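Just passing along the structure, written as structure tokens.
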Amino acid sequence: MFIKEYISEIAKATKSLWTGMRLTGHYFVRPKTVITQQYPDNRDTLKMADRFRGEVIMPHDADNLHACTGCTACELACPNATIKVITKFELTPENKKKKALDTFVYHLDMCTLCGLCVDACPTGAIQMGQNFEHSVYDRSTLTKKLNKPGSKIREGVE
Amino acid sequence: MYTETQIINNSNDELVINVGPQHPATHGVLHLVITLQGETIKKVEPHLGYIHRSIEKMCESLTYRQFICASSRMDYLSAHINNHACALTVEKGAQIEVPQRAQYIRVIMDELTRIASHELWWGAMAMDLGAFTPFFYAFREREVITEIMEETCGARLTMNYMVPGGVMTDIHPDFQKRVKEFIQLFKSKIDEYDDLVTNNIIFQNRTKGVGHLSKEDAISYGCTGAVARASGVSCDIRKLYPYDIYDKVTFNEILETAGDSFARYMIRMGEMRESIKIIEQLIDNIPEGDYQAKTKAVLKLPKGDFYTRVETARGELGVYIVSEGAATPYRIKFRSPGFSNLSALDQMARGGKIGDLMATMGTLDLVIPDIDR
Amino acid sequence: MYSLHAITHSIQDWLSARLSPVWVLMIESIIVIVLAIGLFAVLGLILVWLERKVAAHMQIRLGPNRVGPAGIFQTSADTLKLILKEGLTPDGADKFLFNFAPFVVMIVAMLALAPIAFANGFQIWDINIGVLYVSAISSLSVIGILIAGWASNNKYSLLGAMRSGAQIVSYELSAGLSILTIVVLTGSLQISDIVHAQQNGWWLFKGHIPVVIAFIIFIIAATAETNRAPFDLAEAESELTAGFHTEYSGMKFALFFLAEYINIFIVCAIGATLFLGGWMPFHIGDWAQFNHVMDYIPSSIWFFGKTFFLIFLIMWFRWTFPRLRVDQLLTLEWKYLLPISLFNLLLVTVIAIMNWHF
Amino acid sequence: MTNEAIKEFVFNVVPSATFDESGEFFTIQIDATEWKSLATLLRGVPYNFNYLFCVTCIDWKTHFTTVYHLTSTNHRRAIVVKAKVDRNDPLIETVSDIWKTAEFHEREVFDLFGVRFKNHPDLRRLILTDDFEGYPLRKDFEDAVNMIKL
């Protein structure tokens, strides 16, 4: 009886090992199952998801107009002070003072890409961009000014 | 801490080894001081704090919307579930009614996160025991989940998808289709996992009877999740104190009585299958409607304290908010599952070999930022 | 059968016609040393590359593919990097022994190469106790590992070295016993005799089930003796970070690394020689036509083909199985392999005496 | 078991205890000196609160409260015990001999709040370095180096 148990134990063990080896062998002889993506080579075909949060961007249209009113809702929503909105007062045609965006400062190096600022924006002026290649040699270049020079707020955005 | 003279003057042939903070098996910056006699472990003493960021203090200066994204950084492998717990606590305090659709989405996301977390654990645990290949197989399937997450939530690991009152955006149009595809894929692959690791005789010998934790100890140490359930303690928060729509789905709480590493392993493997079951029940029945409740611009919780318990991939996460009526919490305490589970490590590893310590640590599924917070 | 005897003999004749015997020996030694070192370097590089490729494809990855076609020069680049790196010696280490240990391991690996027949008539030293010599030499490598572990003044290294000691000493036994089965069948310890005894079929096929069992035990013991997963307790990455070579860096680490792969090659070459006929082509009994066709394939290809098949087998083990625990490792040897191989040896002896084999 | 029963049970042991039923859990508020005796009784029959799932502390600037969340694996009922601790001399008795999980949690509280637990087997800093000065989760803690004031 002891011998029988001893041998069946060995047989079972061998079988379990062989099952595992068959699985790895299965993948070894099928190069098509390889899942490696060769990143810098596949940049042209690499498409990130639409909602992928890579960085905060402020879209400008063809006339260099954006939709930011300078309300600082994003600045308040940000958990770690990544955004600084600097506002100025502009004169409207009716000669009234109106708050407007001067500079939209964005510290990418502090950003956790949580998306709360985009969620908070009432006018849809900022969005999440798909770019994820942010490595730079100089950290100070990560502090960005999002509104383009000379850009203005789009008509009708309140 | 041990000084050099203490080690040298140790008369009873004991060897003190620092495992970590940088060590292949500690998966992060856990520091264990183990006392050995030969290969046998006499004592394990964890030293924490290498990745302590004081999230609790940080949250005291964040609003109720903002602090959720900080909680992703605790147990980053079940970030969704952490966010869920925080959102639930805020909703409980501010008495926000969450739309049905949001609840369905949340639970599906939770379960996907749980599978993703267990996949990573499975690979890492096999790696702790010296098998490298499972890690890649696990990541192959995990990648599918992260891509689904990326498509809907916009991020792969720290999604910050839950907001008080629902979810941040509606699900992606392809979401249901891709989740169903994943379920089909996963069902065939999980059998491969069994072939490769579970049934392997070496693996079974390495884990069976190793790192034993009795039921009494599991309760006394406050263990939760798979660690406690492997010792026969029924503690699945989803079953005991259902939140969102967990009371509407049928699933089993996997229980084992052996209390060893293999039992913990089997629990997690079973949980993956149960999670698939839950997703299958929900994925076709997501009701139409709002994905987010209308909430005030500035959320304020009434004076008082609020406690929420949810079941993360590692065990019970408790979020305890003490509010003074302001827009920021007065005090937040995260009761993390890993912290309590780790405290039982000494009990489990004592008397075993060094290899057993790795097997035990692997099945505890420690995520160090979760322990240190 | 095409033989390399002609080449080696003509070199011998050409040299002895011109020089005194002492000089002939010297020059021949130099040729052999250059060839051996060259073989070492090439083998090391190819085996490391092969391992990475095998591992990668089992793990559904691509593996090295940047340096050269299919990443074939990746290991050369890595070696270059290791040569250029600073070889640190820890402060509390025994400096002499610490620096000495990699060479011990390396020299042992080189010595064991001597009696191996790479092709028909291409053998460095056809000593009459060839098999005994190889098993004696290869057990010396544990000394290098013990020295390395002790001299590092590192607890991980010490534990790794001690594990390695226990492991190699135990597995020597069953490796020796399974080698002995072939010695019993052949009736000679000389490598060339063993190869020629397999003229009409390899021992694996001629010797019935006991030789198959001996072969399996030999492969297991060989895996353990070379400290390969699932028996890589001496370096057990997840337990002892890197075991006995935790403190080594630069070229000294590279020597350990190289020696590991050379050792794999040697044990696999021995296994191929003993069980799969070494350079002997695949012959079936007296079927002359078939045997003649097989002879057209050069003997060196047969030898390397068989050896690399065994190497692949060992790599396959490594990338499939988890590691054993230290007590299980010894249990496997003393409770399973040793009794089985003793009993097996008895069976083989009976077969040899009764002449039951083909 | 009802809240009333627990109330009466606690009242017999700690006459000065006050109760709060407004929150999610039934809360017992006591003074630090009475905690140990109450804990022993809560752990024992009939309530068998064997599972301490959260230990924490709150700094109220005038005093501390250590908060213990207890439940039982038998009857699944959670209660909260809040013990008032003097802020100038924060001292409370340990319960790590009753619930082993308290050993780690109390070390954490000691580390971050400076509440000393009497008879704790191994009361050392757990998370911060041994030579760290101050207790970071106290409201008056100022770390000029690492804290960023927004």
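Letters are used for the chains, namely A, B, C and D, taken in the order the chains are written, and counting of residues starts over at 1 for each.
By definition in this document, a residue touches a chain if its C-beta (ideal position, glycine included) is under 8 Å from a C-beta of that chain, and two chains touch if they have at least 3 such contacts.
What you see is a predicted model, and the numbers here were worked out from it, not measured in a lab.
Participant: Which neighbours does subunit A have in common with subunit B?
Facilitator: Per touch definition, common to subunit A and subunit B: C.
Participant: Tell me which has more C-beta contacts between its two chains, A-C or B-C.
Facilitator: It is B-C, judged by the count of C-beta pairs in contact.
Participant: Using Cα averages as centroids, what's the distance between subunit C and subunit D in whole Å?
Facilitator: Between these chains, centre-to-centre, one finds 63 Å.
Participant: Centre to centre, by mean C-alpha position, how many angstrom separate subunit A and subunit C?
Facilitator: 51
Participant: Please work out the Cα centroid separation of subunit B and subunit C, and write it as a whole number of Å.
Facilitator: 45
Participant: With chain centres defined as C-alpha means, what is the inter-centre distance between subunit B and subunit D in Å?
Facilitator: Roughly 25 Å separates the two chain centres.
Participant: Among the residues of subunit B, which ones contact at least 2 other chains?
Facilitator: Each of 133, 140, 196-197, 200, 202 in subunit B touches at least two other chains.
Participant: Using the touch definition from the top, which residues of subunit D touch two or more other chains?
Facilitator: Correct list: 150.
Participant: What are the residues of subunit A that contact at least two other chains?
Facilitator: In subunit A, the residues touching two or more other chains are 17, 20, 23-24, 35.
Participant: Which chains touch, pair by pair?
Facilitator: Chain-chain contacts present: A-B, A-C, B-C, B-D.
Participant: Which subunit C residues qualify as touching subunit A in the complex?
Facilitator: Per the stated touch rule, the residues are 54, 57-62, 65, 316-317, 319-321, 336.
Participant: Which part of subunit A faces subunit C closely enough to touch in the complex?
Facilitator: For subunit A paired with subunit C, touching residues are 10, 17, 20-21, 23-25, 27-28, 31, 33-36, 38.
Participant: Tell me, which parts of subunit A touch subunit B in their complex?
Facilitator: 12-13, 16-17, 19-20, 22-24, 35, 48-53, 77-79, 112-116, 119, 128
Participant: In the complex, go through subunit C and note every residue touching subunit B.
Facilitator: 55, 58-61, 155-156, 159, 163, 229-230, 232-233, 236-241, 319-328
Participant: Sort out for me which residues of subunit B touch subunit A in the complex.
Facilitator: Checking each residue of subunit B against subunit A gives 62, 65-67, 69-70, 133, 140, 143, 147, 150-155, 158, 160, 163, 168-169, 172, 192, 195-197, 199-202.
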